[in-house]
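Both complexes below contain chain A, partnered by chain B and then by chain C.
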Partner chain A sequence: MTVAQIATFALSVLISAAFVLGMVIVVGRALRHARNAARARLAAPGRRALLALAAGDDAPDNLDALVQLDPAVWRAVEPTAVALLGKVRGEAHAALVLAFEQRGMGDRALPELRARGAIRRARAAEVLGNLGRADAVPGLVYLLHDTDRDVRTVAARALGRIGDPAATRALLESLAGRHPVPPQTVADAVMRMGADAQPALAAALDHSADLVRATAVEVLGLIGAITVAPRVITALSDDQSPEVRQRAAAALGRLGTRSALAPLLEAVEPGRPPALRATAARALGDLGAVATAPALGALLSDPEHTVAHAAAYSLLRLGNAGRQVLEHAAGPGPAAGPDPTHTAGSAGDRAAGYAREALARFDLDDQRRTGEVGATVAPPPSPVTDGSGPVIGSAPTAVGGR
Partner chain B sequence: MTAILIADDDPDIRDLVSFKLEQAGFEVTAVDNGLAALASARESPPDMIVLDVMMPGMSGIDVCRELRGDPPTATLPIILLTARAQEGDVEVGFGVGADDYVVKPFSPRELVSRVEAVIARMRA
Partner chain C sequence: MAALGWLRDALHLTDVAILTYFLLINTSYLVLIGLAVIEFVHHARRAPLSGFDETYRSPLTQPVSVLVPAYNEEAGIVESVHAMMALRYPVFEVVIIDDGSTDATFDRLAAEFDLVEVPRVIPRDAPTTGEVLSVHVPRLRPEPLVVVRKVNGGKTDALNTGINLARHPLVCMVDADSILDPQALLSVAKPFADDPLRVVAAGGVVRIANGCTVVAGRIVDTRMPRGWLPRVQVIEYLRAFLLGRTGWSRLGGLLIISGAFGIFRRDLLIELGGLDHHTIGEDAELVVRMHRHLRRSRRDYRIVFVAEPVSWSEAPSSMRVLGRQRRRWHRGITEILTKHRTAIGNPRYGRIGLVSLPYYLVFELLAPFVELAAVLLVPLGLLAGSIDYAFAVRFLFVAYGYALLINLIALTVEEYSFHRYSRWSDLAAAVAAAVLENVGYRQLTACWRIHGAWSALVGSRSVWGEMTRTGFKGGSPS
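Now for the complex of A and B:
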């Protein structure tokens, strides 16, 4: 066989393979489309009753219609019903839960938590969480250590929806170990537990894993656990992990207690890690105590960009007292003052730059709020010139980000 | 009849909100993305818009900002419907000019109350 014949043969094989592959894709899509259309037709009568029930339509026929749906029709409409459970609250949610329970879905889902397939376990966890079944908590806690990541995540979310504070410790401990649950999911779930979760959260500040302590302290701040403020203050001053101390500073700002003032002022002092100092400066702004204005004003000339920047924006949040400090630091110079990131300038120049930037940003936001902003308004000078960091410093946001 | 435009890429939410608002006596137009919402609002301005925030392509925030920047639609009442419930998210929503902000999971009945309240406020 010549080279030309081999090439011709290879080319025909390739063309045939491409044709077959194309046909498989086209037929596959057509089949999927037909299957979806058939399912939609089958689900149509149930979907109408489902939407009416979820919309809070008081007609009792809707509930009866759903409960008495033919199993095949219910199977077609069930994915929408499960999805809607997580999307509505109030009477609409209660009505859907009633329909699910009357169809026996909760009782059927309980043993499914131990099913062999991960998808079945996750689906059961989702249903039980949406139904708020307290008797599913032990099974869901067990699934927090499932080998499948999605099952663990769904179980944590379900525990949050059920809202039993007894699961708080297990949720926090699921952050550590060989099969961890994502911190954002755990934080969201624990935040739904309410005030009764505070003892377990406070106890978690002594956990050996940094992530558990960091998550616990952040959630304490987010839920406004002011009775635990002394323990958060201890975490700020004594915890070995810089991340935990940083999150403790942010939490104290959110808690807003008077007792947070002194430890936060201590945390902004030179010698501490810059990220901690910046977060503490921002927390002082959250705290809103005008007594901190002089200390924040002194930070405007700090050689650390994130610290000076955070201090300037915190001063804005202190109202007139903070604004006066900023205006004094800005001096009578031009609106576009010296670039504050130029460390070669004097301390006064740097402070003036940060103060003018904050004041300009405030004026711009004010104009936006009042609808007076126009095309002629120039943006304020940005202190970040090298693209090396975020404009608003590096405050810890909700655990894991969004 | 008061006309309301709904934009949400989730067909369940879209159908549910449409159903509830129609039951409450509103004339509803529903679209599944931000660009379609913007086009529909510009072509035939409704009395109110309910916008999902997280939509592919053009978010509800972007649509709100565009509508507010365009004189014919600048004063249209807008409610944002979103799963983003952090303080900063709400602040961004109001910052671009939304009249109200409803967080998912939501109560359909409460949504109708909010719609009626915003419309009443605009007409007062």
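Now for the complex of A and C:
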């Protein structure tokens, strides 16, 4: 083959390929437009009944209309129906569930949990979760160890929607192993099981995997498992994993038991990991115990920004006692205050900076609550870079009203 | 005569080398597009199972600080901030860093959101040079907005200041002229929820907003831009950013997360010392440094690219601004590859060292040089008689015909995956732009890119990538 022939061949290939691609684009677009239009036409009667049901109009006519839809029409309307099922709550949800069940969707989905295709398994899990089918729990638990990540995730989510506490242990176990489920998905699912999940959650605090213990302790805090507080305190004090201890501190703040006071005060002491100290300082604010004000006040000058910052905002939550500590640390206003260029970086100045920031935030929140604009005391001086320390000294508050 | 013969041989060899180069570079695009198609098919089939509603309702979804560096962005800043405030995400804050703007950027924000100055202690976790002048929040409105004014220090300095100010564990960097799809933050942050132990960064796709209709900070109608310059850029973004980066992500070798829409773990940014002040392509440099750091410390990690939804940005519509942008981009690539030259071809950095960095060296950094060499040497070869007419024709087909074909394939993939441009007229404009990219546009950008590489090599002063914006007009095409 000569060079000229190669060139000619290349040209024909190029023109042919461009023509084919052009046709693929044009035909594909035309077909898509036509298909969408046909689907919209077909789905129109079903959509009306579906949207009426979703809007809370559970008249038998709407339900019957959906149940008796021609299979072709139902196929057109089904994606919208499935999407709505996951979004609506209360009576609308119950009515939609009834429609799905009467069309046999749940019964058809059950065997699909063992379908060969991952997408089919995941879709079946999604439908069964939305329908709240308790008889699907064993099949869904099995899918928690599926080789496909999306299938595992959808199965965990479905178990959460069904809300059977019997699945709690399996859900927590699914965090460990070769094919884990994302921890947030597991935590969200277990949270939906409520107080009945507490025994399994408490037992999971002895699990060998850090992630299982960390998730369990976090969920215990979120569901307000006060009776398990002593066990959470033990996790804060004794667990080997810094992550578990940190989440235990946050959980104790949410639980709000007085017995958490001493272990949290211990957790904010220097020498602990900064992330744990900051979380514990925030948790002390959640507890709202006035007795912690001096300890939190001492943390305002902590060299760790996250710790001092958390302490300042926690003090705000202690009411007058906390505010007094902040005002004392903030010192005099900017007009009479020391020139920050000379004092930035000192412990007292750092504490003042955090205190002023928190107090300004309080005033602002107060204004937002009442809708009134406070008088500005004085324009704040420019923040000053502290070359030696970890923070930039901030300007004193500009917002009046305190 | 002998010298002339030698010259002819040299020209012939060079032309063959250039031809081979074009063949390889376009084939590499084809491979990346193929990988992107696999990813899109996977994405399309599983999108209904993504569980965004659960993520949105979950109290455990990690809060995000959206960092928006702004320098002379008065035209569109208010619209952008409104769009960001309306993002669908459980807990987030928007931090605008006004990097010493000389226009009314701050005044417009202050007037719109009734800003009030507040004291704020700012940690020095990431290094900064420009002094922070003041921090502002809305007086009465509950929006989680923070505006910080600082002395001009460049985009890197603005972003590092934002990292210091950020209160949340994830930070999302967004350009001030960007308009995000409502679901964009949920989507780009989802990899962190799905794989929290490994995902350290995620990039979102950036598309061109010129020509689209924007209402209340939302893209409500996607159209091709009116001018040919932005139209060609639509095709370029589609091929290089959407498909190219999706392909690299699939390969596990993503090197660039656009500063216009990328999300990172804040603790890792601090561990890395923030963004590099000495590199103009700070976003890409950050990702390369991240790869190197994590590989050196033998950590299991993932850096991923999310193809949808998207961030929409205004593309340059004049030659002057486009030239400035391309010079800056290529200067960035040159600086990064120079800085990280010891990682190129280094097996210690896995596929980053052995595949991604060498690819960027050969097919990104050198591409404009080869492009211009082709424009000069092929006609020279014809004149000198070292190549014949048939070779020149073959060259033309391989170099430009193949590239055109790649553009058409990219358009086809877009048509079957996201099909954002639904009008037939837009399709016609896109096909025409796919042709035009190869005639003049590529050669022009090659000149700018060479200029950018030269600036990096001689070390001239780097400046903020100031763009001339027209802003997004509500209810009408921008």
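Convention: the second predicted complex is superposed on the first by the 332 of 402 C-alpha atoms of A that agree within 3 Å, B and C clash if a C-alpha of one lies under 4 Å from a C-alpha of the other, contacts with A are read in each partner's own complex, and residues count from 1 in each chain.
Definition applied: contacts are C-beta pairs under 8 Å (C-beta built on N, C-alpha and C of every residue); 3 or more make two chains touch, one makes a residue touch a chain.
Please read all numbers here as calculations on a predicted model, not as lab measurements.
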| item | value |
| --- | --- |
| Touched partner set for A:V154, first chain B, second chain C, both or neither | second |
| Touching partner for A:H309 - first (chain B), second (chain C), both, neither | second |
| Partner chain in contact with A:G139 - chain B first, chain C second, else both or neither | neither |
| First (chain B), second (chain C), both or neither touched by A:G285 | neither |
| Chain A residues touched - chain C or chain B, whichever exceeds | C |
| Contacts of A:G56 with chain B and chain C, given as first, second, both or neither | first |
| Which superposed partner A:T80 touches (first chain B, second chain C, both, neither) | first |
| Touching partner for A:A17 - first (chain B), second (chain C), both, neither | second |
| Partner chain(s) touched by A:R89 [first = chain B, second = chain C, both, neither] | first |
| Common interface positions of chain A, toward chain B and toward chain C | 83, 86-87, 368, 398 |
| Footprint of chain B on chain A - complex, ascending | 47, 51-52, 54-57, 80, 83-84, 86-93, 368-369, 398, 402 |
| Contacting residues of chain B [partner chain A, same complex] | 10, 12-13, 15-16, 19-20, 23, 84, 86, 95, 104-110 |
| Complex contacts: residues of chain C adjacent to chain A | 45-46, 48-49, 51, 53-55, 58-61, 116-125, 131-135, 137, 139-142, 193-197, 388, 390-391, 393-394, 397-398, 401-402, 404-405, 408-409, 411-412, 415-416, 419, 424, 427, 431 |
| Footprint of chain C on chain A - complex, ascending | 2-4, 6-7, 10-11, 14, 17-18, 21-22, 24-26, 28-29, 32, 79, 82-83, 86-87, 119, 122-123, 126, 149-150, 153-154, 157, 182-185, 187-188, 211, 218, 222, 305-306, 308-309, 350, 353-354, 356-357, 360-361, 364, 367-368, 371, 373, 376, 379-380, 382-383, 385-386, 389-399 |
